[in-house]
Structures are given as structure tokens and as C-alpha cells.
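Going by the order they are written in, the chains are A, B, C and D; count residues from 1 in each one.
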Amino acid sequence: MSASWVAHLESQLPAIQVVAPMLTAPVCVLLRRSRAAWMLAMTVTLGSLLTSLLMLRHVLLHGALSYQMGGWAPPWGIELRIEVLNAFVLVIVSGISSVVLSAAPGSLPKEVPEERHYLFYAAFLLCMTGLLGMTSAGDVFNVFVFLEISSLSSYTLVALGPSRRALVAAFRYLIVGTMGGTFLLLGIGMLYMMTGTLNIVDLGIRLVEVQGDRTLLVALACVVVGTSIKLALFPLGLWLPNAYTFAPAEVSAFLAATATKVSYYVLARFLFLIFGVSLAFDRLHFDHVLLPMALVAMFVGSLVAIFQTDLKRLLAYSSLAQVGYMVLGLALANRSGLTGGIVHLFNHALMKSGLFLVLAAVVLRLGATRLQDVRGLGRQMPWTMAAFVVGGLSLIGVPLTAGFVSKWYLVQGALESGRPLVAALILGSSLLAVVYVWRVVEEIYFQPAPEGRQVAEAPLGLLVPIWLLIGGTVVFGIFGSATADVARQAADLLLQGPPVGPALGGSP
Amino acid sequence: MAVTLAIIRMRDLFAAVMLSGIFSLLSAGLFTVMDAVDVAFTEAAVGAGISTVLMVATLSLTRRRERDRRLDRRPEDVLGLVVALLTGAILIYGTLDMPYYGDPEAPANLYMVPRFLEDSLDEVGPPNIVTSILASYRGYDTFGEATVVFTAAIGAFLLLGGAARRRRQTSSSDSDPSSEGAPPADRGAEA
Amino acid sequence: MTPGMAILWAVLGPLGAAVLVRLLDRWPNLREAASLLVGGGVFAVVAGVLTPRVMAGERPRLEILDILPGVTLAFEVEPLGMIFGLVASGLWVVTTLFAIGYMRGHNEIHQTRFYVCFALAIFGALGVAFAANVFTLFVFYELITLSTYPLVTHHGTAKAKAAGRTYLGVLMGTSIAFLLLALVWTHQLAGGTDFVIGGILTGKASDDMLMLLLALYAFGTAKAALMPFHRWLPAAMVAPTPVSALLHAVAVVKAGVFTILKVVVYIFGLDLLQETGASQWLTWVAATTLLLASVVAIQQDNLKRRLAYSTISQLAYIVLCAALATPYAIVGGASHIAMHAMGKITLFFCAGAIFVEAHKTEISNMRGLGRRMPFTMMAFLVGSASVIGIPPFGGGVSKVMLMMGTAEAGPNYVMLGVYALSSLLAIGYLMPVVFNGFYGITVVEEENRVEKNQPLRDVVNDLRRAPFLVGPPVLTALGCIALAVGQLFFFDLLSVFFP
Amino acid sequence: MNPVFWQTVWGLLPYWLVIVLMMIGLHVVMTKPNLIKKIIGLNVFQTGVIMFYITLGKVDGGTAPIFGSGGDEVVYSNPVPHVLMLTAIVVGIATTSLALALVVRLHEAYGTIEEDQIRRLEGDEV
């Protein structure tokens, strides 16, 4: 009796996951009180973390979880579909959201006026809704709708930055992001045209039989362009440095860890579960495009990061480079490479959001994040700065940090696919990371603090979230098997490719 | 299409906005021709109506004329043209394997549609199939759509809300006097 | 104590010391006592528990955890690692003694940070010594780099920072770009990276691939200071002398050559290298480094710089041993790790003592110093003799073994010529310091005319004023002699190692 | 001329026209420095995509997909793209309104709605 009750609840989880934050956002608006809104948002976010963890468990034990919205069977109705990979992404999104949100009361007042906070939390929740919705959607058009929810709210969040340049950055982001969304829509249209279905599983089944490589190639290109913009793959990701630089640090921490990750997932899903390796890579040779793009992103991102004088911007460019690593994993299209890409998704989310929260603490105390501002801060904010160093080491990929795990698999993947040069390039670009991280470390520890600057350590409300994330990079660096196992299962799922079988709607 | 070209050339933004409204109306007409009456209604109401109103409102808050910049050409112009042409070429290349316009045998028209046509009247009710699908089969999308609107509303509210704006304005004018007014050249254009 | 526990204690000891030192920040005497005590304890564990077992043919093993499937953090003690472990833990104690004298005598800043980082570096060195696979070795190798970086930049001056940049850039750069690649590649080829006698790559890779892989290992461990990746070593000379001792004798460079030896023996396997000749080229690179570094050393006037180039040259000996890939050569290399550590640390202690006591850094200014600091200079003499390889001092043993190893690999007269020439060069760069010190008539003498009349009091001063400064070099000089006496030990090792 | 060729051209011409429309929008977005014009361009681009969907849903001789508007043997056009596009239009207007709100704010902050002037005000770094 009780078992069936639990099973029933479990089958409802995908819907709860998305709908709960969606419905809470208006309540936040109604509450109008900063504190109350935060408490509510926090509860919901933690709830969705719990939900996603439950789903991950379920998926690992029993396989895919499907929820039919409104009770209409796919492909006619909309399906929510949770598999290993997106359950993992859901955990990342809701987990990082919880931690970042818990830091909000500490860092937000400096950057956003108090009486707007409730709206901030509403926008935050909506953004999360969009991201969770995109991830769990089993219908491509639905992906587009939720992409727009998350995009619109993230434009708003970016525009909240304290300097007026945040507005410019947000506008840019809006233009580029909408273009991306529209390209995605176009690609989806072409796919629909060729198959007549929108359901992801169904698309995968039917697409194999479709003739017409030219249209398929262009459709794939449209989808890739659309997702790459949101994913911030160079050169389509050039909106990102400004957006992350001028947005409130809190928002940068949130977006860096979640928005790009979800887009990555969408891209992976299109490439592997809808098109499939044999179609996308063997027939359409898409890896010839993806691999160079990833490599260029890795190097350009890191190189530009080296010359930045603002820490936020430095981290933003480093994000471009890290996205390159992840996409490289996709382009390698073998087990190790994909595992590396997926595990880096998680690891990068941890370290980047941790690092941006460190900057949130710096903004809180100093009001600025230029290199000359953080001089000698190692003595005045020892815990915060130590977190920065650990996070930086993880970016470099020093062993026993999470970054090492990802790099291990990526290099392995490159070697397995018979591309030792790519393996060498991966490590070569890590060297660039050493340079940009060490520039900061030198300023922090080996420059005297400016005369008369009195700075206190960051408040506990920020330190705890920071160390949760940064500590996470160490924990998952030491117990890398935990994440790598999940990632490997997800990689296997991707490599299996689109399902084979009769189309869901019967043959036409 | 002629209308769109006119929009580009037009420096009077008000006229451009009006033309974009007309453009929306024309597309609505086209939609009707292609049997998409619901879409045509919406496009006419939203595209030609609401968005025009919003744009005009924005213009009233900002300025009406685009700056004359026929003289200074930027490298972006060439780049933009090249990118647009290239993208267009790629997309046209992609159409080569598409089913022809109006082809009743196209997969899109054969796969899910029959069931909607046959069963929606019994399963859902309304004679308008579009309404049936919108409200039931794809109700979740509609739900998402409502959220999009809500999101935009919150965004606009956050951006344009009174208190925050005033505070920010004062603080930014402290730091940068140029934010108070436009360069003199533009003042003239505004009149 | 079970062997597994012994390993754990030995490796974690220095880490505990680092924590303890940090906690005792406010009480310098307790702080240093903690360092010394833990150091003594660790040495006792390694020498008393692990060494007898290893010499009896055991291989104590301890697995910590799987970082990733097939990538394990694990320790295993075998003869090479045991030697390095003994060197690192033993010299840690002596260096700490010396550091107390030096740091206090010199009123250095950030002393706590110094001891913490020092202990961490030893932690890394022991981890490298006892690593059971390349992965574990790599982890601790990087730990050594990171923990010694604050030591190199100790003074925080612009020059120190620039040196730190070179140091970190070269060491970390090569290790990430080459060593890590080699590590992952090995894992991919052999399905694991465990150190197994006879190697794990036999039949897994083509000859060209082996050569490339060996190159990645050899240049990836820039701590071995093989040219052209040697620049960090002279650059790091800006650090205080105890740090130099740590770099040159205790942990850093030794970890480098140790890695190369270990990889050659346990990853490639001597037979494989002999059959394929994949390490031929490395002998020539090492020989070139050997001679070039010696030539550069002769031209240096700054004592520490001269010693630095001498180290580069002596390290090349060990790499050469590895590249020859014969049992005699390997044991020769291993024993040279110990010999050179003991000899070079003596020389650095002396350099430090001279700097603290007489404020001299340039060799040309040290004439006549022997009369003022006779014990120090005697120690320098013994250390030099050992490093040069004058029998019966320690270095002689390893060089004999090296030559036997060369002969084992087949007659090679060019190589023998290289050895002869390099020994001459070594005499050329070390002996003048001693001769100048004892027989030179100079500036120092002019300055110290008054004291010259009371040589006895000077000697007493030398002993009394700085027991911490003079004690350690004398101790290590005695160690050199002891190693010379106990050289049969290494032949024992040979029989344990290659029965 | 080859009849197959003309068949192809006629069959695909509507798509091509739609693509040209989209590209005009894209071009405007990329090259016009005026922010309002950019938004209009974006609208044109979106409308182009919407038109693409409607075009692909058209069936020869079909009528609007509403029951009862014809006899038994009526052919209906594909209703699915229509449904999707209703959503897309609303999403488009939401985006537009947010963009316009941003323009208002930008005008307040910079006193201009020309991108190149904003760029100049910020010393080319934006």
C-alpha cells in the first residue's frame, strides 16, 4: 500500500520539479518582503534539490522516468522525460541554485536595492524554472519555451548589475540570446518538417529513416548555433564576458553554473539522442566543425583571460575556455571523452560558482574586483582568498581537485580516439590557466595592501556557501569516482544513441 | 518585403515603428492565405497592435529620430552583410531536401495530424483543432507561455520600477555627468 | 607496527608536523621542537620498521582509495623508494636544525610559514618515495611544487617573485603538459599505472611510441633539471639557504631523478629498454647536460649559483644511469641519490653558514675564511670530495657503479671519456673554494687582522656562536664518510633488487 | 528549361522568400546601431521563422483547421505549426517588451539609443 503510494509520488516528481518554482514565483511577488521571499525561494530550491536527487536515484536504479503532461500520450501530448544525464544536470542546477541562493542575503544588499529583492527572487525562481524545464522536457518545442523563460529572466538578472554598463550588457545578451532562441526554433521547425514529430524519443526513432542530408545538416547547424549562443561557445559566446562582468556577482555565480550547463545538455541531447552518433558524426561529419570550435574556444578564452585586469571578466573568459573543454568532450564522441565533458559540467559548475561567490564577497567588502583592488587581500580575507586559490587550482586541474578528474577523462578520450595532439592541446591550455590564476594569486599574496585599507573577512553567510562549493571541488576531486560513475552512465546513454523501435505514434 | 526594406532606410523611428506594424498586418494577411487564421488573429493583435503601442510608448520616452550616419561606415556593416548572405545561402542549401510547399504527403502532415483531426473533437471538444491542441494536448506549452509573459512582466517591473530607478539615476549622474544628456549633436536631431 | 601503518605514519607525519607548526605559531621554541620531534619519529619509522622489511624482500603496500575507477591513491615501499624515503626524512631533521640557526641568526620573516611549507614539501617527498603508481607519484610531485613555491618566493621581493614565476612556470608547466600526458597515456596503453618490476608496457606500444613516452617522462619531470628545463634551479637560488638545501638535497630535485629512475625500472622495464634501445637518446641528452652544466658552474663566482649548476650536472649522472637501464647503473643512480644528497646538503649548509657568519656570497671574497671557520671549511672539503666522487667518499661508489653499468650496456668509450672529463670539471669547480678558503691571503685577512692573532678563540666562536649552523654541516660531512664506509649496503641492495 | 528544375523552384520558392525575409531581419540586427531598429529587426527575423512554420503546415487545397467550415471531404492544413506559432508570437512580444524596457533604461543612463554612441561613452570597451 505504502509502496504504491511512494511509487505514485515518484512518478509525479518530474512535474513537481518544474511546476513548484514556477508557481512560487508569483507568490514571491505577492509577499513583497525581502526576507519572506528569500525564505520561500530557499524552501522551494531546496525542495527541488531533494526532488532531483530522488529522481537521480530512481533513474539510476530503475531507468528512465516519463511523465505525460495532462495525461496525453506522446507524441501527441508533451512528455517530461528524466534519464541519467538530465537527472544529473537537474541535480547540478538545483544544487548550485540552493547554495548560491543561500548566499543571496549576504551579498545582494550591496548591489540591488532592498525593496526590489522580492522581484529579484521571483526572477531567480523563474530562471530556475526555465532551466529545470528545459532539462526535463521531452519535447523539443517545449525546450524552446522554457529556454525563453530562463533567458528572459536572466536578461533581467544581468541588467540588475550596479553599473549602467550592466544595461548594455543585458541588451546585448538579449539580442544575441533571442537570435539564438530563434535559430533553435528554426532548427526545430526543420526537424518537425522532416519527421512530423516533436517528441524527443520519437524524433530519434524517426530521424534515422529520413533521407535528405542537406536539410538535416542545416537543421543541426541551426540547433547548434542556437544552443551554442546560450552555451557561450566561442565565437557565439562573446556576449558572456560583459554579461558576467557587469551582472551582480551573485547572478554571475548562478548563471555561470547553471545556464551554460543546461544548454550544454540540450546540445548533447540533440547531437546524441536525436541525431545520434552515426547520423551526426559518421554521416554528417559534424565533429569536423565541433572539434576545432572547441579547441579555439579553449585557447582564445584562456589567452584573453590572461590579459584581463578585472577578476570577474577574467573568470568570464575562463568560462569560455571551460565551455570549450566540455564541447570537446562531445566532439570526441567516445566514452571517456563524453564522461570527461559531462563530469566537467558538474565540476566546472562547482568551481565557477564558488569563484564568483568569492568575488561577491570581494564586491561586498571592497566594492570592486579589479586586480589592483585585491592586492594584499590574502592577509585581510584569508578564508575567502584561500577559497579562490583552491578554486583556481581546480581550474588548472591540479590532482585531488575536481578539475583533475575532468581533465583526466578528456585527455584519455582524446588518446582513445587516436588524437594525441588534441590531448597535448588540452594540457597546453591548462598551462594558460596556470598563468591567469597565478597572476591573481601573486596580487593577493605578494603585494602589500594599500595604505590604510581596513577590510574584514567576508560574513559567515557568504563564507559558508563559498566553502560548500569550493570544498565540493576538493571532495569530488578526491572521491572522483562518485561523479565519474554517474557521468559514465550518462555517456553510455548518449553513445547508445537514439532509441530504435517503432515510432510512438505508429507508422503514418 | 518592400516594407521591411523601407524600415531599414527610414530614419524617422516613429515611421519605422508604424511600418513595422503594417508589416505585421501584412504577414497576418499572409497567414490567413496559408490557412492559419488563429495565428493571423494573434499576429494582428499582438504584432501589429500591442507591440506597436509599446514601441510608440518607448519612443515617447526616448527619442524619435535615428542619427544620420550615412557618412561613417563601420566594419560591422560589411561583416553583417556577409554573415547574413552566408546564413541565407546555408539555409537555402538546407531547403533543397525539403518537401515541396503544400505537399500533402510531407511527413509533417501525415504523422501526428490524422489523430488530431480524427479524435480531437471527441477527446477535447472545440471544433477549432488549434484551440483543442493548444489547450489540451500541448497545454503545458501554453502554461509555459503564460510564464514567459509573467517573466517579462517581472523583468519590466524590476527595470522600470520607481524607487530603484531614482536611486540609480542619482548615483550614476554623480559618477558620470554625460548620462544626464545626449551629446549636443543629438539634441538637434531630437527636435 | 604493521608495515601498512608504518607507511601511513611515515607519510602523514610531516603533514601532522605542518599542522602542529601552524598551531604553535606563537611559541617558536615549541614550534621547532615539534618539527624536530616529528622528523625524528618519521625517520625512525622509515629506518627502523620499513627498511628491514624491504631489505628482507618484502614490499609493504597500503591502498588509500580509488580516485577514479582504476586510478588509485596507493603506497608501496620498494628499494628505490626506501632510499629516497630515508634520505628525505633523515635530512629533514638535519635541515630543520640548520634552519633554526639560519632563520634566527638571520632574523628571517614568516618563519612559521617557512616551517609549514617545509613540512608539506617533505610530505610530498615521502609520498613520491612510497608511491605505488604513477598517479600517486604525480599527485605528490605537484604537492612538492606547490608547497615549495612560497619558500622560493620567501622574501617577497620583486626578484623573488620573478624567480617564483620561473620556478612554478617550469615545474608545473612541464609536469602538466608532459608528465600528466605521459601518465594518462600510460594508463590508456597499459590499463593502469602501477609500478611493477619488469615494467607494464611490454608489447603495448611501438618503439617510436616508447621513445616519445620516455621523452614525455624525462622532460615532464623538470625537477630532474634536464636541459633545457633546468632554468628554475639557478633561479630558485634567491631563496634562503635552508630552502636551497631542501631543493637540492632533500626533496625537490631528488624527487625528479627518483621519478625518472622509478619509471624506467617499473613502467618501461630494463629489458624492454635494452631490447628497443628507446632510451639511447636520453643518455646523450644527459651527457650533454652533465658537461655543459659543469662548464657553466666553473664560471660562476656566486657560491650558491656554482653549487646550483653543480647540482644540475650531478642530476644528469642519475638520469644517465636511468637511461643506461642496466641493473648496475640503476643501483648506481639510486646510491648517487643518497650520496649526492648528503654531499650537496653539506655544501649548502656551509654556504649558508658562511653567509650568516661572514656575510659572503661570492667565492672570490672567501679567501682565507678557512682559518676563521675551520669546521665549516673542513665539512665543505668532505662534501666536495664526496660530490666529485673521490674514493673512498660516497660519490665514488656510485660512480664506479655507473661505469660498471655502462660497461654492462656494451663498450662505450665516448661515455667513459665524458665521465673522466666531468670528474675533472667537478674538481675544477669545487676545489678552488676550499683551497682559497685555507690558503688564500686576502681581504678577509685584512679585515680580521685582530682576530687573526687569536685563531683559537675564533675556532671556539665558530663552535659556540652557532651550534645550529656549524653542527649540521659537520654532521652531514660525517654522514658522507659514513656512507663511504657503509657502501657495501648498496651492493646488498643490488642483490635484493636484482637477485 | 528542365521541368524538374522548375518544379523544384516552385516547390521551394516560398521557403526561399521566407529565408530572404529572415536574413533582412538578421542584417538589420547586426548592422543598425539604433537600438529600436535592432528590436524591429529582431521582430522581422522572428516573423520570418513564424512564417516558415506556417508555410510548412500548408496543405494544397486545404482550409483552416476548424471543423464544420466545410463538408466531409475537406482537407485541413496542418494545425500543429499554428499551435506552436501562437506560443512563439507571445514569446516574441514578451521579449520585445523586455527589450523596450531596457531601451528606456539605457536612454536614461546614457541619453542616447545609438549603440555606437554608448560604446564611445564607455571608451570602446563595452
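In this section, a residue touches a chain if its C-beta (ideal position, glycine included) is under 8 Å from a C-beta of that chain, and two chains touch if they have at least 3 such contacts.
As the structure is a prediction and not an experimental result, all values here were calculated from the model.
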Handout entry: Per-chain Cα centre nearest the global Cα centre, belonging to chain
Key = A
Practice task
Decide which interface, B-D or A-B, involves more C-beta pairs in contact, and give its chain pair.
Solution key: B-D
Completion exercise
Between the Cα centroids of chain B and chain C the separation in whole angstrom comes to 70
Practice task
Measure off the straight-line distance from the CA centroid of chain A to the CA centroid of chain B, and report it in whole Å.
Solution key: 28
Practice task
Using mean C-alpha positions as chain centres, tell me how far chain B is from chain D in Å, no decimals.
Solution key: 6
Practice task
Would you give the residues of chain D that are in contact with at least 2 other chains, written as numbers and ranges?
Solution key: 22, 26, 56, 80-81, 84, 87, 91, 94-95, 98, 102-103, 105, 109-110
Practice task
Find every residue in chain C that makes contact with two or more other chains and list them.
Solution key: none
Completion exercise
Shared-interface residues of chain B (touching two or more other chains) are 91, 95-96, 98-99, 106, 108-109, 112-113, 116, 138, 141, 144-145, 148, 151-152, 155, 159, 172, 176, 179
Handout entry: chain B-facing residues of chain D, complex
Key = 7-8, 10-17, 19-28, 30-34, 36-37, 39-40, 43-44, 47, 50-51, 54-60, 62-68, 75-87, 89-98, 100-105, 107-114, 116-117, 121
Completion exercise
Counting only contacts in the complex, chain B reaches chain A at residues 90-91, 93-99, 106-116, 136-141, 143-145, 147-148, 150-152, 154-155, 157-159, 161, 163-164, 167-168, 172, 176, 179
Exercise for the section: Would you pull the chain B residues touching chain D in the complex into a rising list? Expected result: 1, 4-5, 7-8, 13, 16-17, 20, 23-24, 27, 30-31, 34-39, 42-43, 46-47, 50-51, 54-55, 57-59, 61-63, 66-67, 69, 74, 76-77, 79-81, 83-85, 87-88, 91-92, 95-96, 98-104, 106, 108-109, 112-113, 116-117, 121, 127-130, 133-134, 138, 141-142, 144-145, 148-149, 151-152, 155-156, 159-160, 165, 169, 172, 176, 178-183, 186
Exercise for the section: Can you check the complex and tell me which residues of chain A touch chain B? Expected result: 22, 25-26, 29, 69-70, 72, 75-78, 112-113, 115-116, 119-120, 122-123, 126, 129-130, 133, 141-142, 145-146, 148-149, 152-153, 155-156, 159-160, 164, 186, 190, 192-197, 206, 210-219, 221-222, 503, 505, 508
Practice task
Write out the stretch or stretches of chain A touching chain C in their complex.
Solution key: 393, 396-400, 405, 407-409, 411-412, 415-416, 420, 423-424, 427-428, 430-431, 434-435, 438, 442, 446, 477-481, 484-485
